[in-house]
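Please find the structures below.
What follows is a pair of complexes built around subunit A, which joins subunit B in one and subunit C in the other.
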Partner chain A sequence: MADLGRICLPLALLICVYGIGASIYGVRSGRIEFSDSGRRAVYALAIVLSVAFAVLEIAFLRNDFAFNTVADTSSRTTPTFYRAAAVWSSQEGSLLLWAWLLSLWSSLALFLVRRRMRDIAAYATAILLGFGAFFISLMIFYASPFSTTNPAPAEGVGLDPLLRFPTMMIHPPMLYSGYTLCTIPLAFGMGALLARRVDADWIKAIRRFAFAAWLFLGIGILLGARWSYAELGWGGYWGWDAVENASLMPWLTGTAFLHSLMIQEKRGMLKVWNVSLVLATGTLAIMGTFLVRSGILNSIHAFGGATLGVPFVALIGVLIAGSIYLVVLRREMLRSQHRLDSLLSREAIFLGNNIVLVALCFVIFWGTYFPLISEAFTGTEASVGPPWFDRYTVPLALLLVLLSGIGPVIAWRRATFANARRNFAAPLLSALVTLIVLLAAGVAHKTLAIAMFCCAAFVLGSIGQEFFRGTRARRAMAGEPLPLALVALVRRNRRRYGGYVVHLGIAVLFVGVAASSSFQHAVEQRLSVGSSTHVGKYTVRYVRPTATITPKNDAVHTGSTLNVGAVLDVSKGGRHVATLRPSEGFYDSGEPAQGTVGHLIGGQAVSHISMSAGVTRDVWTAIAPDISTPALQRIITIGNRTLPADQGVVALAVLAREYLKNPPAAQFHFIVSPLVMWIWIGGLIVLGGGLIAIWPTPSAVRRRVTMRSRARAAHGLARA
Partner chain B sequence: MNPSRKRTVRLVVALSAAVLLASALIYTSFSAASPALSPTQLVRQAQPGRSYQVTGTVVHGSVRHAGNELDFSVADRAGGTAIPVDYTGTVPDPFREGREVIVTVQKHGGHYVGERDSLITKCPSKYKTAPAGEKQNY
Partner chain C sequence: MEIVIALVAGLLLAVVVAVISAPLRDAGRPMSDGEQTQEASQQSREDGYEHAELEAARETKYREIRDAELDLRTGKLSHEDYEAIDSGLRGEALEILDRLEALDGRSGASSEHDKAKPELEG
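This part shows the complex of A and B:
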């Protein structure tokens, strides 16, 4: 099997080299058959890499520990569901995933434009295959997923327990889909510059892919935040970590592009800006991959050999230099056809939104790469913490949410006073009512949170008004009932109303962020059985301990050998609210040196948090039980000394019984976060809006069908 | 004011604002940053009241819970100088003796107080079988 995988990689590289040559020769010489052949090389690449990926996935599912990457990141005790996801937990597997997704998305993009923009598409093909060649070369020369050891080890190390969480199955493919999709607009942007065709055609062709990249990156970021909140045992969802920031930066520039491209489509303006944003987004996506895989910055995510640093730096250098060269070279063609008429216009608001998004990206870029910057200037590596990020990002986020409410209702070209009064009365009233209610509720001291709630109310008012007016007009024209009119309104203009839903989702998400960060109560407390503590208005009592071995029957079995936890009673004002069961899972280390019993619990220990989630608040708990007491340690020592290798679990049963009989005090982490669920609800609204916007409109489908039948008719006539 | 002059004024104002904001950003990043030091460097350079990010390995046998406080020592990766840290806040799951950690500390007399929730250990986007003594290299 490994041989098949090993053959696939050089074959894939050969296909890339051929495809690059054929595409460039085809477009330079005007021989379309070569450009077409280059495009087909991308399809062939997708097939070959699909085979390679299938080989690796099968090796994981069959526990083929002859593959080094399988032995390093999987084991027989890893549940099947997580074995399948372990493919992309290693460096080699994630590089293969990157290249494979790139080939699939590139095939789709090039297939959709196969009869249009042949010159731009040919250059784009060469650039996309160039990325493919880069990643395949990394696998051939630096980190092969198909390297093997003979004889194969009997057992693997196992997937890291922290990654044994359902969203981890889809988080990396989503993020990598986002990253790879970001390279498609970059390839077409560079292609348009090379082919000297910088009108709005190429933008229309890649619009959907830019949107898909934005959507996938967004889903990936949100899933990562959810994993952090529900699995990592610290109760937070965002920590301004370098790897988190790396995924957020292309998402921000991508968001800016999705707005400014409308100005180029409608008014022929901002061409330099748009092409620069596309190139920056693609480069930031590659930098994101580089950051995760190079180990160049201290991150809670990625450490280890920095073997891939040099090739990535070279690629990023080429991308930045190439982008600047092309934009400068074609600057005459990129001149705007119109000027900004007024600062009170939709164009100006979009431009403002772009500036805020790019400023956010710059702040995050500076903070993320500050350790390298400070080392270069001062000789000492220094880093900035979350308070520094918050100081700049919070006001910018406030401004962004406000602009997302103004943009949809302000007029194109020039807004008049009458127009402003008509469009802004309802949103302003909505913000004002929110402000009065909040002040009456006595939360005046949390200024930034109040400002965010008011901005969100403004957005809600503005989007609500747009839907109301659109539906009313539709009902007046077609006489449809309200639900039908609403559906018809959205169906007729999916991009516009999908975008509005996205704005609404972002506002809801920020309400969740502002409330949960400003009004959170967190307590770290050591408790014995029967004792209790207060968290905000809640009382939490440690009712009894829990300890189970071989928890394969658990609903959320992750392969741990011992689970030690607690049953907690949560009450408010004497009334029972919830029963929580946090625990910590102990995993097999696979190290015989730790002893017959010791190795069974000597691996990673992972918190299994427990929470009572609600639309108004989450009560979140994690436990760090103490199994280092002399009585428990004595059981492990005696077990190590007396039990045969396959009977260690007997001592674990004794240990669990002893823990239940004489439970030592345990360390607990309690958090009460208001409205945190609205972050996930907001995310789902954004996803829904994104899907509405990305779906082809009926008119576009009709246009495509008409064009196809026209082409067929023309072909038939020509033959006749 | 003619349109072209108006545009120039706008551009100058916008650029000046951008330069001012960027300068503030750069200035605060240098003044608010915590230098990343090893325990040996920290012992030599630390000044009371200033934050430092210390990277090192948790010394075997040094971890103790005292109420809600977690006390441990951090040594250079290659061993040698170790500094005592009194820490409160969230302790990440992978934290244990022998692991590499990063924690932001301030010097208080002869010991170092960790900033709340600043303790991070290495997490597993990428890991491999490690050299003897340590199962995984986070």
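This part shows the complex of A and C:
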């Protein structure tokens, strides 16, 4: 089986090399058949890599430990779902996933434009196949997913316990889809510069893929934040980790691009800016991929084994140098056709929004890469923590939310002050009422949170006003009932109203962030059974301990051998609110030297948090139980000395009984965070808005418009 | 097992070659007037690019006209500003339509373009 995979990789590389040559020859010579053949090479690449991926997936599902990557990241006791997803938990498997997704999305993009932009598409094909060749070469020469060991080990190491969480398994495919989709606008951008065509048709072609990249990246980032919050034992959803930042940066520049693209589309302006943004977004996506394979990170996100830093640095260098060269070379054709008509216009607001987004990206870039580069050269660990990031990103985020509320109420090209005054009245009132309510609630000292709530209220006011006025206008024109008018309004103006929904979602998300950050109550306390503590307005009582040995045939078995935890009663004002059951799972270390019993629990200990989630607040808790007491350690020692190798679980049963009978005090971490759920709700609203904006127009509403459109356009002129 | 893998690999290679070579097999090579045909096809491609460009520009212009009307109806534009913007946009739309018609006339494919269905959102 591995042989088939090993055949696929060099075949895929050959396809890439051929496709690059055929595409470039085809576009330079004008021989369409070679350009088409180059495009079909991408399809062929997708077929071959699908076979390769299937080979690896089958190896995981069949527990074929002859495959080194299977032996390193899976085991017979790993549940089937996690085994299937463990493919991309290793360096080798993740490289294959990246290349496979690149081939699939590239095939789709090139298929959709197969009858248009042949010259741009040919160059884009060559660039996309170049990326494919790069990743396939990494697999062939550095980290093959199909390397084997003979004889095969009887059992694998198993999946990292921290990854045994459903969200975590979907997060990489979403993120990699985002990254690979970012390369498509980059490829078409470079292709447009090479072919000297950076106009309307190019915009129309790449807009959907830029949007799709933005959507998938956003989903991937949100899933990662959810995993961090619900699985890791620190209670947060964003820690300004280098890898988190690396995924956020292309999302920020992608957001800027989607906005400024509209300006280029309508006014022929910002061509240099847009081309630079699309090239930067693709390059940042490659840098994000580089970061976890560079060997310079020590993180759950980092892949161990062979470091691929040097090849990635070379690729990034080529991308940056090539981008700068092309933009400078084509600067004449990138000159703007128009200028800004007015500073009081949607174009001006979009420009401001772009500047803020790029500034955010720059701050995060500086905070992420400068310490890493400094450490690489000086050897001294440098760190830039959350306080540094918060100091610079929070004011920019406030400005961003505010601008997202101003843009919708300003017209394109120019607006008058009288109109602006009228249009800002409701949003300003909304913000003012919010401010008064918050001040009355006695939270004046939380100035940044109040500012964010007021900005979000402004956004809600402006978006609500837009929907109200648009629906009213639609009803006046078409005489439809209210629900139908609303649906028709959105259906006929998907981009506009889909965008408004996205803005709404962002505002809601930031409300959740501001509330959970500024009004959180956190307590760390050691508790004995029966004792209690206060967290904000809540009382948490330690009711009783729990200790279980996880049966291996448990359908949701995560691989832990022993789970020790607690049952907690949460109450408020004497009224029961929730029962929480945090625990810590102890895993097999696979080190026989730790003893028959010791190795069963000597591996990584993973906290399983427990939380009561609600619309107004989350009550979150994690436990660090103490199994190092003399009584418990004696059980382990005696078990190590007396029990045969396969009977260690007997001692664990005794240990569990002893823990339940005489539970020692345990360390608890409690957090009460207001409005956390609105982060996830806001994310879903953003996703919904994005889908509305990107949804294709039904063919039923396409009209024959040539002569009729001319008549309408002329009629309008005559009327004027 | 090795035979099965060899068969699968062979089949895969055959599929790859078939997919990639299809355009090359289908392409007819012009005989005596090869250069002239290449010029004509190059011109046709240029016309195709320009046509696609103009169609995309037309769609954008129609969207702008609709956006301006919606801005008026939702109170973001005064009537005076709307009239000025609207007439400008419609003039630009007419220019694009003129260029499209001229291109259609040049390429002699007016009947096909009459049937063209440019996308209009909504």
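Convention: the second predicted complex is superposed on the first by the 673 of 720 C-alpha atoms of A that agree within 3 Å, B and C clash if a C-alpha of one lies under 4 Å from a C-alpha of the other, contacts with A are read in each partner's own complex, and residues count from 1 in each chain.
Throughout what follows, contacts are C-beta pairs under 8 Å (C-beta built on N, C-alpha and C of every residue); 3 or more make two chains touch, one makes a residue touch a chain.
Quick caveat: nothing in here was measured; it's all calculated off a predicted structure.
By the touch criterion defined above, A:61 lies against neither subunit B nor subunit C after alignment on the C-alpha atoms of chain A. In the superposition on chain A, A:524 contacts subunit B only, with no contact to subunit C.
With both structures placed on the common chain, the touch criterion links A:473 to subunit C but leaves subunit B unconnected.
Of the two partner chains placed by superposition, only subunit B is touched by A:391; subunit C is not. With both structures placed on the common chain, the touch criterion links A:84 to neither subunit B nor subunit C.
Of the two partner chains placed around the shared chain by superposition, subunit B is the only one that A:160 touches, whereas subunit C remains out of contact. Within the superposed three-chain model, A:653 lies out of touch with both subunit B and subunit C [touch as defined at top].
Subunit A makes touch with subunit B in their complex at residues 71-73, 89-91, 94, 157, 160, 162-163, 232-235, 243, 292-293, 295, 298, 300-305, 339, 359, 362-363, 366-367, 370-371, 374, 378, 380-385, 387-388, 391-392, 524-526, 584, 589-591, 602-607, 624, 626, 667, 669.
Partner subunit A is touched in their complex by these residues of subunit B: 3, 7, 21-22, 25-26, 28-30, 32-36, 53, 55, 65, 67-68, 88-94, 96, 100, 102, 104, 117-118, 120-129, 135-138.
Per the touch definition, subunit A reaches subunit C in the complex via residues 1, 3-4, 7-8, 11, 15, 18-19, 22, 30-34, 36-37, 40-41, 43-44, 47-48, 51, 116-119, 197, 199-201, 203-204, 265-266, 409-416, 418-419, 422-423, 466, 469-470, 473, 476-477, 491-496, 697, 701-707, 709-710, 713-714, 716-717, 720. Taken together, the subunit C residues at the contact with subunit A in this complex read 1-2, 5, 8-9, 12-13, 15-16, 19-24, 26-27, 38, 41-42, 45, 49, 52-53, 55-60, 62, 64-68, 70-71, 73-78, 81, 83, 85-87, 90-91, 93-94, 97, 100, 113-122.
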